[in-house]
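The block underneath contains the structure these notes are about, expressed in structure tokens.
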Amino acid sequence: MAEKWSFLQDQDVLDFNRDIERYHLGPLWHAIPDLMKHQPEPHAQAYLWKYSLLEKKLMEATQIFTPDRGGERRAIYLQNPGLNYRKPWGWASTTQTLYAAVQLILPGETAPSHRHVQNALRFVMEGEGAYTIVQGERIFMERGDFLTTPNGFWHGHGHPGTKPMIWMDCLDIPTIYFLGGTFFDPYPERLQEPEVPDNYSAQRYEGGMVRPISDRYPKKAPLAAYKWKRTHEALEGLSRFEPDPYDGYAVEYINPSTGETACPTIASWMQKLPKGFHTKAHRHTHASIYHVFEGSGYTIINGVRFDWEKGDFFVVPNWAWHEHVAEEDSYLFSTNDLPILEKFGLEREEAFENNNGHQTVTGEFTPVLG
Amino acid sequence: MAEKWSFLQDQDVLDFNRDIERYHLGPLWHAIPDLMKHQPEPHAQAYLWKYSLLEKKLMEATQIFTPDRGGERRAIYLQNPGLNYRKPWGWASTTQTLYAAVQLILPGETAPSHRHVQNALRFVMEGEGAYTIVQGERIFMERGDFLTTPNGFWHGHGHPGTKPMIWMDCLDIPTIYFLGGTFFDPYPERLQEPEVPDNYSAQRYEGGMVRPISDRYPKKAPLAAYKWKRTHEALEGLSRFEPDPYDGYAVEYINPSTGETACPTIASWMQKLPKGFHTKAHRHTHASIYHVFEGSGYTIINGVRFDWEKGDFFVVPNWAWHEHVAEEDSYLFSTNDLPILEKFGLEREEAFENNNGHQTVTGEFTPVLG
Amino acid sequence: MAEKWSFLQDQDVLDFNRDIERYHLGPLWHAIPDLMKHQPEPHAQAYLWKYSLLEKKLMEATQIFTPDRGGERRAIYLQNPGLNYRKPWGWASTTQTLYAAVQLILPGETAPSHRHVQNALRFVMEGEGAYTIVQGERIFMERGDFLTTPNGFWHGHGHPGTKPMIWMDCLDIPTIYFLGGTFFDPYPERLQEPEVPDNYSAQRYEGGMVRPISDRYPKKAPLAAYKWKRTHEALEGLSRFEPDPYDGYAVEYINPSTGETACPTIASWMQKLPKGFHTKAHRHTHASIYHVFEGSGYTIINGVRFDWEKGDFFVVPNWAWHEHVAEEDSYLFSTNDLPILEKFGLEREEAFENNNGHQTVTGEFTPVLG
Amino acid sequence: MAEKWSFLQDQDVLDFNRDIERYHLGPLWHAIPDLMKHQPEPHAQAYLWKYSLLEKKLMEATQIFTPDRGGERRAIYLQNPGLNYRKPWGWASTTQTLYAAVQLILPGETAPSHRHVQNALRFVMEGEGAYTIVQGERIFMERGDFLTTPNGFWHGHGHPGTKPMIWMDCLDIPTIYFLGGTFFDPYPERLQEPEVPDNYSAQRYEGGMVRPISDRYPKKAPLAAYKWKRTHEALEGLSRFEPDPYDGYAVEYINPSTGETACPTIASWMQKLPKGFHTKAHRHTHASIYHVFEGSGYTIINGVRFDWEKGDFFVVPNWAWHEHVAEEDSYLFSTNDLPILEKFGLEREEAFENNNGHQTVTGEFTPVLG
């Protein structure tokens, strides 16, 4: 290969490149090896953020970002170090395609209603008493709940409770920014008023793989909030059988009117890894963002060990070998961009064949503490 | 109209018809008024079968149909009186398109495994201890459970328990018979052997609108059995809000891998009508078969009152005006052919506008008792 | 098998059947062997109608059916002898699911505009100068043209020309009649007025596998008429390569906005069989109606030879073995119900393996002449 | 608005940002105004490349890029000046999502067979005698032909003719690079060998909206080459009627097995603007790359006039107002990313309402000549 492309460094070639660049032209022969890789070489890095750091910075941010200063949300996003080169703001990229953040709301605060073409989802980490109001439905959030706010839905937050509340947000911000088709509208009032009873949709889906007949035809999000209690029941049932070798016991949140993943562009999973379970390694074209909902353990990504405990976040970039080890019963919430890659026929998966499916550990990630 | 078509009775026309009939030809002008109605004039009639009758006949049938005599199933089907003209066997038509039956299995009996292109579903009425084995999964059935057995799945039954067990079957037999594409295969052995743990799929779906990740891609029936406990929870949640004016609180069983109705060609509903609830009348192109799971009340179909109680079955033909009244808290299981009509763009619905949505009762159905 | 089901003729069984019949109940064990066949046993028969007969009867019908008498269409349908038992009017069944007819319009006549839920298509056999007006587009028809009139489109005919015009109609009348969801509306005036230029849609699709950008989103019939000249060009191109062993050179008319078959429920083909070409035999679950547009030859259906020449029609029932032989260059137009069978997962095909793919001829069909 | 966000420049906010950046964290409140615009603010610029320049540079490149030096293709891409900031190689971005290039092959040269997950299409500008071999089909190219090479298809080129040949390439390189799922394989031999007759697929589609029956089920590219002769016929037919106010007479190349756009991620159009025709202005979220196949005229993009003549290329970025004026009968080939935007629900369009739909010209683009 080196052979084949060595002419690219010849002086006449470099001169020609510089010449045509003046005319806003480029030499494909030179760009091909960089842009059309033989297999994915993601720019995103494997990385891990400690919860203690995130919580500390969120608390500090209560001084910086206050609702009366006028911003939209007190959210701190996880910027992948490999994607800092994207300007501006690293495109707020946690992976190549997705944004993830932690958000904190204090009792008495509100976050204004708005809507945008970016798809969003939320996973509740800590606290209670706050609500989100999505398309006229006020939803009180509890730890472990999963919520979806698709493209074009009005949403705002309020907190009539007594303790700070923290959740994870995940959106397709980098993807929509790349595509260039963003639209964003503030709601005419600070917060939309409720149009249906509180917690309406979750109560309409309290059990069974059944659907109210009025949701027969495709809707973007007939079910807005997936309660932890129900998700937990699902995992308990599933856990009676053989685990998936790569993912243990894992479920995906779905849209009951279409059977598709709950948030149109982002797959969301909750998975249980029983104490002592060690998955086999594999890799796939989609990238994942993991949040440790419960438990502790470690994940080996391309040979590097990332230790995690409750509250932490970590990224498995696309096409990176990875395997998980649970040191206590653990629950991992995760999001990934498989729905986006599928739209382009890019999904591929490969099992790690050597060494009975286990990587050799060649290093250990040292998290940055605040 | 009479005017327009009066020529059809002229002698020269009738002579011509008789002439071309010899050549296997027909006069469209004559057939149009009969075959292309201005609106549906179903051949199926509104009808009701009492449970006491069905149970009695099933018990008698234990003497007639015994497993060692060699038939497939001890099932007695509900033959719509309006469709007796279909030869042979009335095509076993409960409605224009669907077959419904009650089936009884005695302790110690088995019903042989087979498969066919007809889609089937089952709803458990009485008893316990019997199982069905569908595509290698043995499923123990309990009252209120709903099961689906799509096109091509092996299925057979066994009864290691101690009491007779009765369930409802619904299949698309008349439709497939009409189309003429039937295939039916007996299993090489009497009963297929289990290939997964008992009650496998229902345990994989014990809660929440979430799906095991291995069921991400469309399958015919990733969930084979929908437990009554879960369906009941769903109805309880739904019942906290406003009822649907035509159907009260109603849910449809869905296939979690596609979001479509659970059985490919037959929609299946469970609905709750609270005591005293009186729905408004409407009509639609799809026809329904109702089974009274719990409660009592009556349904007015095209002006005729059909009283029902626990265990009864009744048919609402297509395009018939109908409204329900519950005299106690009632649960109605029902199946309908909307998925079939949708394939042909034939779904239409109309509300009964007069008299605040309520029909005038002009008669009362007298059920035949055994 | 005989063994297995012999109990069905026992007296106690027959008595029981008669007993429950009084209650509108039926014994599944008895009906299964008749209704759920191990493989298709179509009621439709292989049959052939000579063009000379059809033309003669159409001409006679000009005396019987006149526009001022008030009927809708002067069409004589091909009634399959095996489906006469369907009452009334044999459901106008040419095959189990489809209706086919020949229609004649005289210069100066009109056929009133109407619409219905049945899907229709037309293939032009003889004459020129007549038009059909479909959903506001007036289309002048020429020999070899194919037209589609889907569910719900207004259509009527007029004939400002000088010679009788004859075409074939094919509709899904038996299927819609079976389903029971018919709707039919006369147009408020005798004939709809044109809303676009004459022959509009065919001119918008004069070449290439390209689509006017305004037809990007699914429409029922963006292209209403497929001109013979274009279809012929397609067959000429295709004929430069290897023929399909079962069908020679065959093309299907498609809806350019969806890529689906042109008429929603009925596939339509034009195929060329070069002189001397002898296809291999196969069978499939869908049934076909053939019209000999040009040429002569014969088709062997389940061992019986059906000789055909220009203008004739013949039916290949579902699951019947069939092979074609062309004695001169021949063009066969045909319609089939594969789109209907696919909706139910019923499509299957089987090659005839013995004797190098050729059946033994065991008989010859003798057509009835008028 | 300025008001609302003014706190973002406060020192404490800036300090906090700098602090959390060290931990690979980012402040959403700061990034929102930049990343989630109220409406699209594309980075791509309106730009135009003269054919004389492109041809000159391609000819010069015959000295730089020679097949024996080992690169893949002698293609020079059009690098949008607004997207130079993307590193490396500006991601070869002509628009936000698409790559366009001109490619030249000399008689006697070959370009090696390879395959990749990027979707590609080709439009033939000049010359004759070269072929491309796509998935085993050798296709001889002529001026005006359109070709598609979807994700995963092997393709290489050869030139047994006598004159240089030039074509346009368009691929989704920037999009796939952004997503990070690239795969690329060289073919084991220099060029794949033919597996079907030359020009096979175009001959199978020589006329009519009909499809060989073997292409009934979805294929990625049953038709590989769309001949100019046919496309031209389509435009002639369409031109008999009223033009589209924004696009004149425009057709989209389609995949005959699915009815979708021919190249899975890139819509391709050919449009005719008759001499003197002046379209109305509009804007939409998708961006377009235009190539002037024939004729001359100008396009006003966001108030700036871009004069064009035969061979030129120009870009209309997403959400830019644009209108075209033809000074002679003109044919514009264009590609756009609507299929990509549709996958994310981002398609929007807006008509320019003022001044009877026409922009005020505020400037003129001065092309750079070589």
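Just so it is clear, A, B, C and D label the chains in written order, and each chain counts residues from 1 on its own.
Here is the rule we use: a residue touches a chain if its C-beta (ideal position, glycine included) is under 8 Å from a C-beta of that chain, and two chains touch if they have at least 3 such contacts.
If you want to know which protein each chain is, UniProt gives these names: A, B, C, D = Cupin.
Predicted model, so just to flag it, every value in this text is computed and none were measured.
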| query | Just how far, in Å, is the C-alpha centre of chain D from the one of chain A? | reply | 31
| message | I'd like to verify one number: the distance from the centre of chain B to the centre of chain D, where each centre is the average of its C-alpha atoms, in whole angstrom. | response | 53
| Separation of chain C from chain D, taking each centre as the mean of its C-alpha atoms, in whole Å | 43
| field | Per-residue overlap in chain D, given as positions that touch at least 2 other chains | value | none
| Viewed as a graph of touching chains, is the assembly arranged as a line, ring, star, complete set, or other? | ring
| query | Which of the chains touch, listed as pairs? | reply | A-B, A-D, B-C, C-D
| note | Within their complex, chain D touches chain C through residues 197, 200, 202-214, 216, 218, 223, 226-227, 229-234, 236-238, 240-241, 244, 247, 250-260, 262, 269-270
| field | Parts of chain D lying in touch with chain A, wherever the complex brings them together | value | 3-8, 12-13, 16, 20-32, 34-44, 47, 49, 53-54, 57, 60-61, 63-65, 69-81, 85, 87-92, 96-97, 101, 103, 116-118, 151-152, 172-173, 175-185, 264-265, 285, 287, 317-319, 337, 340-341, 343-346, 348, 368, 370
